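See below for the structure under consideration.
Chains here go by letter, A, B and C, matching the order in which they are written, and residues are numbered from 1 within each.
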Amino acid sequence: MAVLFDGVAFGLQLSLLAVGLTMIYGLGGVLNLAHGQFAAATAIIGARLIEVGFPVALSVISAVAISAGLAMAVDATLMRPVYRLHGEDRVLSSLLVTLGLAFAIDGLLIRFAPFTLLNLAVPGPAFVLLGVPMRRGVVVAALVAAVVLGVLVLVLRVSRWGRAVRSIIQDEEGATLCGIDPSRMRRSVFALSGALAGLVAVTQGLTAPIGATSGRDLTVLALIVTVVGGLGRVSGALVAGVLLGVVHAVASHTIGAVLTFVLLLLVAIAVILLRPSGIVRSAV
Amino acid sequence: MLRVDRLDVERGGARVLHAVDLHVGDGEVVALIGSNGAGKTTLLRTVCGLLAPTQGEVTVGGRSVVGVPAFELARRGIRYVPAERRLFPALSVRDNLALGAYPARPTRDRHELVFGLFPRLRERRSQVVGTMSGGEQQMVAIGRALMSSPRLLLLDEPTTGLAPALAEEAYAVIARLRDAGGLTVLLAEQQVHLALEVAARAYVLEGGTVTMDGPSGSLRDEPGVRRAYLGFA
Amino acid sequence: MAARRSEAWPLAVTVTALVGLPTLVGGSRYLMTLAISMLVVAGYAVAFNLVFGRTGQLFLCLGALAGVAAYGSVLLADVAGVPLPAAIAVGVACSGGIGGLFSWVAVRRRLGVIFLGIVTLAFSLVFTNLLVGGRALTGGETGLLVDATAGSWLRDRVPAYYVLLAVLVGYLLLDRWLERSWLGWAFRALKDDPVAAELAGVDVVRAKVVAGALGSAMLGLMGALFAVHDGFLSPTGFDFGEIDVRVLVVLAVGGVGSSLGPVVGAVVVTAVDELLRPLGQLRLTVYGALLIVVFLRFRQGLVPAARGLGRRFGARRARATP
């Protein structure tokens, strides 16, 4: 039971991490291999702001906002030539360019903040949930993730912006013919995904300290969840995140961290080979 | 309303349209006829901003549309309904129509107008568009374009994939729109007899150039048109 | 045709220079170590060029493919007592088999560049994690000492240099020969338009699988030979961040698709890498930035772009002085 709760709590954060990645793919047909690096950068910026004496809440919010701004800047600069390409060329150059970006960010963070950690541990006794004691940080992280995901799904369903996003995912030309500007929507979604990645740094910081080297692992986790949920499928990312979170928790409990990671990778490979459109049957 | 001057368009390095002149007056319905590959779609896509001309000028209401992005032209009321419809298959009829009004909020009046033209859409407003028949999808496509009170409607083969009865029905709707006034329509069509019934004038496009034009009535009696497009020997 | 013929001379010059290199720097252990790692990277790059440059298959598991053969042959030799040449042959065959399998599955399941990229990246991470996890056999993160070549001439830098150089030259000859065979024709057709190539009767499956398997075997051979020379194996030596990125940068600098590009790229990158050593982890940033700039600005690679620039400049001067 405790394992299950832990898994769901972690899984919600995985969903949060993957949902931005999958939306970017759905909208622009590009993959962002620097997604986790946005989270790592947020962690470092947040930690530094706290170090110099800003209030924790303000630091964290600013860091997330900076991550969103960075993502937006990347979309406006590096991704522009990528969007000019089409089909496989576009995917390929997005992979190479964002891989370069990932290494660029990694290098900066590891060079200038090798030991900085974002630690938002919540003090106090554990919550008891259905007889299972849960650390406060974990519960808060799960709640934050769940609320943000809920709001996101709602906004996508009912707002004009959300409808426009979903329309581009389904048919970009059709959306253009309705007066929707795909490149502007892409930019807003890129910024959103930067903010969501940053938020994952925060929720991770609530459960365990997170530092400069976390970017690569987070990118890979995001990729796994995105692939298992189906590239470009928001609902798929939500379901796959929670599912893999539970798998992660159960496996770490039984076979250890290293083999768990291997298992998740193998699941991703299996899904690509057996069901490339993802485990969820739905169009978006 | 629409004026096309000496238009040249290239696709994939080959010249597809050459020196095309054409105009459509306010509130007029004009047909564009021509065989497969004549360049009808290319012309419509250039007018709505999806393709850029290599030469020539296109103005709508006196303003040039060349170089203006397609989404911007859609917001200015130039609405193109492609033959392949380009609907959002996973969204409901209502959501598809609502997106037609973007970025404005879809008004009740507009919904009522579309449902009035296509009563079947009212019944099926919650149905997901991907599961609808071709005829119903065509209604959604035209309805979506009408949600924004367009000034110029560009219809590309609105009868593609429709049974003859449904094709006639589609043209009955276009005739109603024409009679209601206020809407200018340029439509490309292979079913020439239908197009000539609803359009006041027509242009014949062959190999990327306009070879004939005039009032529908006189074109219908033109031997070349009768032979090539109306199936008379 | 003319473009490829014109590559023969620069290639010959480069190889001659590489043959002469030890007579200049053979005395310096430091420089010879550097020269050897340059040859290895060049070999990896030629191999990757065959897979990615010629047939457009994005393998993101270069380090892992080299590692499969390296760990495989060392473990076979040291633990199972297989003679070293046989052990290396088996290891290389494993790498080739895995690479060919990726290609085959990718073509069969019609995986686009994105899925092939993710599958191979996942394989790369699985491999590194299994190395770390299988401590009993692989020595885990601490690594593994190679007993099979202890005290042999292969451990000496100069002879090892020539062995690796011979292998590299072999790769280059193979590459040129492939270009002239039916495969080269298939490669070019594939590059222009994969669908049209298939319709024109190019055996796409075979062309891609051969390129994938051969390239992977070449990666494996280079990895295995370097391992038995170096006498030490560790997961970081075959890590994605260590090998794949460097090879991508080499290819970015040298240019995708030409024969000489990977070699020139390896020379440049090895030198730059040494110069940037004081930057520490910031080198990653430089590499990242380089990847971005090169793939966005000069899609054919830096060296070809510079050569094109030089040619244009030369042409202008020629016109200016009648």
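By definition in this document, a residue touches a chain if its C-beta (ideal position, glycine included) is under 8 Å from a C-beta of that chain, and two chains touch if they have at least 3 such contacts.
Since this is a predicted model, take the numbers as computed values, not measurements.
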| item | value |
| --- | --- |
| Topology of the chain contact graph, where touching chains are joined (line, ring, star, complete, other) | line |
| From subunit C, the most remote chain by mean C-alpha position | B |
| Centrality ranking, top chain (CA atoms only) | A |
| Centre-of-Cα separation between subunit C and subunit A, whole angstrom | 32 |
| Computed distance of Cα centres, subunit C from subunit B, in Å | 55 |
| Between subunit B and subunit A, distance of the C-alpha-averaged centres to the nearest whole Å | 42 |
| Subunit B partner contacts - residues on subunit A that touch it in the complex | 160, 163-164, 166-167, 170-171, 173-182, 282-284 |
| Touching residues on subunit B, where the partner in the complex is subunit A | 48, 50, 69-72, 74-75, 79-82, 85-91, 95, 98-100, 102-103, 105, 130, 144-145, 148 |
| Subunit A-facing residues of subunit C, complex | 56, 58, 105, 109, 111-115, 117-119, 121-123, 125-126, 129-130, 132-133, 241, 245, 248, 279-292, 295-296 |
| Residues of subunit A defined as touching subunit C within the complex | 31, 78, 81-82, 88, 91-93, 95-97, 99-108, 110-111, 114, 216, 220, 223-224, 227, 231, 256, 258-259, 261-262, 265-266, 268-269, 272-273, 276 |
